[in-house]
Amino acid sequence: MDKVISIDNFKEHLKDGLSIMVGGFMAVGTPEQLIDAIVESNVKNLTIICNDAGFIDKGVGKLIANNQVKKLIASHIGLNPKAGELMGSGELEIELVPQGTQIERIRCGGNGLGGFYTPTGIGTMVEEGKEIKTLNGIDYLLELPLHADFALLYGSTVDKHGNTMYTKTLRNFNPVMATAADKVFVQAREYVNEIDPDIIHTPHIFIDHIIKEVK
Amino acid sequence: MDKVISIDNFKEHLKDGLSIMVGGFMAVGTPEQLIDAIVESNVKNLTIICNDAGFIDKGVGKLIANNQVKKLIASHIGLNPKAGELMGSGELEIELVPQGTQIERIRCGGNGLGGFYTPTGIGTMVEEGKEIKTLNGIDYLLELPLHADFALLYGSTVDKHGNTMYTKTLRNFNPVMATAADKVFVQAREYVNEIDPDIIHTPHIFIDHIIKEVK
Amino acid sequence: MDKNEIKAYIAKRVSLELHDGDVVNLGIGLPTMVANYIPTDMTIHLQSENGLIGLGQAPGENEVDPDITNAGGQPVTIVEGGVYFDSSTSFGIIRGGHVDVTVLGALQVDAKGSLASWIIPGKMVPGMGGAMDLVVGSKKVIIAMTHTNKGKPKIFEDCSLPLTAKSQVDMIITEMAVMVVKEDGLYLTEINKEFSLEEVINATAAKLNTSLLKEAK
Amino acid sequence: MDKNEIKAYIAKRVSLELHDGDVVNLGIGLPTMVANYIPTDMTIHLQSENGLIGLGQAPGENEVDPDITNAGGQPVTIVEGGVYFDSSTSFGIIRGGHVDVTVLGALQVDAKGSLASWIIPGKMVPGMGGAMDLVVGSKKVIIAMTHTNKGKPKIFEDCSLPLTAKSQVDMIITEMAVMVVKEDGLYLTEINKEFSLEEVINATAAKLNTSLLKEAK
């Protein structure tokens, strides 16, 4: 089972209305060539789950600038003025989630858990509409899992089985998103035969398709 | 700040009534020399949190055989007949926890979460006394965090900063336990200057003391 | 069939339920033998809940590496492309629905797909280990076991022993028959030619619907 | 003091609150400058919430590695002994109480130790990023900011902007003064010699208890 597909084949998977998790933190560790392919495909009404809104010309910001995004679930949008503008005009729905809660909700979705209690957000707007429970004398918010149709990852080294590593600070949301989507695509900077089984960040079973980066 | 201490210094930390997490799975990945030191110290009334009861002559089983354990929180005791015997006679309290719930409760304790909902255990004895909540149409049990005074780990490679790797299947409960105890001790098979920052399993900030293994 | 033939028969029949690319967890004991019957042209990713995917063949006497073990603590090997991880990741894989098939034994199974495997109160309390998570989280749960215990049934309308999980079993494979669990009970789908339908029914303490019965594979 | 002198003054004063071996998270902007004042004989482990511990000095022009960035996406370096991890581990470290000190800015802080820093409704909505987790999870929270905004107070009895967290701030350090948050309100502990007590009180919209006031460090 060869997991390697072309960027054109990746485009064939795309359609309107998909929910897509995109790895990266301020567009560091984001698979830019997959994002570019989505821009070219021009599919619409996407729900994007990402740490942030990227920049106008970088990361998921390119999808926002191209009006392909219906809803963004992220923790920070400050570096992409277009996101704030579209939110203000009602063209883009944005759900702001604390970063630690965001990554934990994704892990929750990938790990088969129904929800978790976090102290983050207590006493703030984040608690609106959520159950508050006191456990061991501390107030916690109930937060629920996130799951998506696709996850798009950026791997610095990917082996032919799909085992993936993310070097340095490229890692961020990538390995957790790998667990929480129906189909997982990784843009591979380097494609190798095998990785030492002790140091793999994402086991191959999570990776459905590998797209080799065009240098 | 040199984190290396002697096995005698480790013994000075021990006292009656401690709660101690011990890494390992059927005693694979368990710091046997630290266990031996506890046996020699003969401290009593310990609460041990471990995947299993080990064997009579291996892993935490040695502490049970030496009557040092008041309570064991584990998922499996079948390979240590002494554990079953002491449970039957009322000399050892055993809380049996599904393995996935056990590791998640420890992670929960180390990660500052108040609890989580898992589908594991629904409709079984495990649900007794626990809150059941239906989320998105599925029944879940509320499970609560575990935390301990000490965690005892077995590292195959530990650097001078405390960064730790666990090779092959030695890893198991070790890295998660590193996050969930007040003081963390690691028995180091190999002690090195530095580990590549991309492949560290436990960041140094979690490790308080390193005990070099006596070969 | 003697004991070994029975085990081999069951393990071989279970192997026919696996598909190329499946992630599979095989329980300790009989289920482990299923690995011996996987066709060589098929890639099955064997998971071990203590922390690896890619279980290989049993090591030769001189190949034993005490750092590579299965969930029973026994030495094993890892295939090319295999990967090690911690128990948190391992049970994330299991509970998160990333295991396609779990094969395990049981003390009792019932017509509702519930199973009992971890405790005989007052007699034997090994603990549930990872079994509760495995049967709840895996996409398909196959019970592989002898049909009876010293002639007494192990398949009931309702389990009498404390459950490992409620309504999670999809299929029961024994030396006598293959049964599928549906909403309205157990369906007998195959009978080993060495046994008659009457023998299977007599050895089973649950009603068996025979409307889906076909030739054994 | 000009703007840069003010920032330097605040950053230097914050650095005196750190202890050898501390794990510290410095927010974007002014708090980042605290790193410049850590004594060379002290080991401080700087955490960056995107996924590393061991932030080093800013890279020289020819040393920039675009794969090593901080939470603002800016190129940084890593020290010997540093370590990379994913965001789940990063926020496990933060929420789990493994960060000793968090230093961040704020739009408003109040006498109850609450802060507002992530939204001005109808005007500016950058989002909370990791700030909510950091202030809830860290053992000690220090607000490092200018005492006023264009002459208007930023320290109140109660924040009027939506909160980042309730009652989590331990200390406020500005170019005018150092304040400690206690159960019963704000205690002024130090005044910059360039300012009088009256000036500090006039620039603050919360009651300041002066019973713990001592010479500035």
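By written order: A, B, C and D. Residues from 1 in each chain.
Basically, a residue touches a chain if its C-beta (ideal position, glycine included) is under 8 Å from a C-beta of that chain, and two chains touch if they have at least 3 such contacts.
Computed from a predicted structure; not experimentally measured.
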| item | value |
| --- | --- |
| Intersection of the contact lists for subunit A and subunit D | B |
| Maximum centroid distance from subunit D, chain identifier (CA atoms) | C |
| Which of B-C and A-C has more C-beta pairs touching across its chains | B-C |
| For subunit C paired with subunit D, centre-to-centre distance based on mean C-alpha positions, whole Å | 55 |
| For subunit B paired with subunit C, centre-to-centre distance based on mean C-alpha positions, whole Å | 29 |
| Whole-Å gap separating subunit A and subunit C, where each centre is the average of the chain's CA atoms | 35 |
| Cα-centroid distance, subunit A relative to subunit B, in whole angstrom | 32 |
| Contacts with two or more other chains, residues of subunit C listed in rising order | 52, 78, 84-85, 91, 94-95, 137 |
| Residue list for subunit A, restricted to those that touch at least two other chains | 104, 107, 111-113, 118-119, 167-168, 197-198 |
| Set of all touching chain pairs, with the criterion as stated earlier | A-B, A-C, A-D, B-C, B-D |
| Complex contacts: residues of subunit B adjacent to subunit C | 25-28, 51-52, 74-79, 84, 87, 96, 98-101, 103-104, 107, 118-126, 156, 166-176, 201 |
| Residue ranges of subunit B touching subunit A (in the complex, touch as defined) | 104, 108, 111-119, 133, 135-136, 138, 140, 144, 165, 167-168, 197-199 |
| Residues of subunit D defined as touching subunit B within the complex | 20-21, 23, 43, 45, 52-54, 78, 80-85, 89, 91-98, 136-137 |
| Sites on subunit A touched by subunit C in the complex | 1, 107, 110-113, 159-161, 163, 179-180, 194, 197-198, 200, 203-206 |
| Residue ranges of subunit D touching subunit A (in the complex, touch as defined) | 48-52, 65-73, 78, 84-88, 90-91, 94-95, 114, 119, 124-133, 136-137, 162-167 |
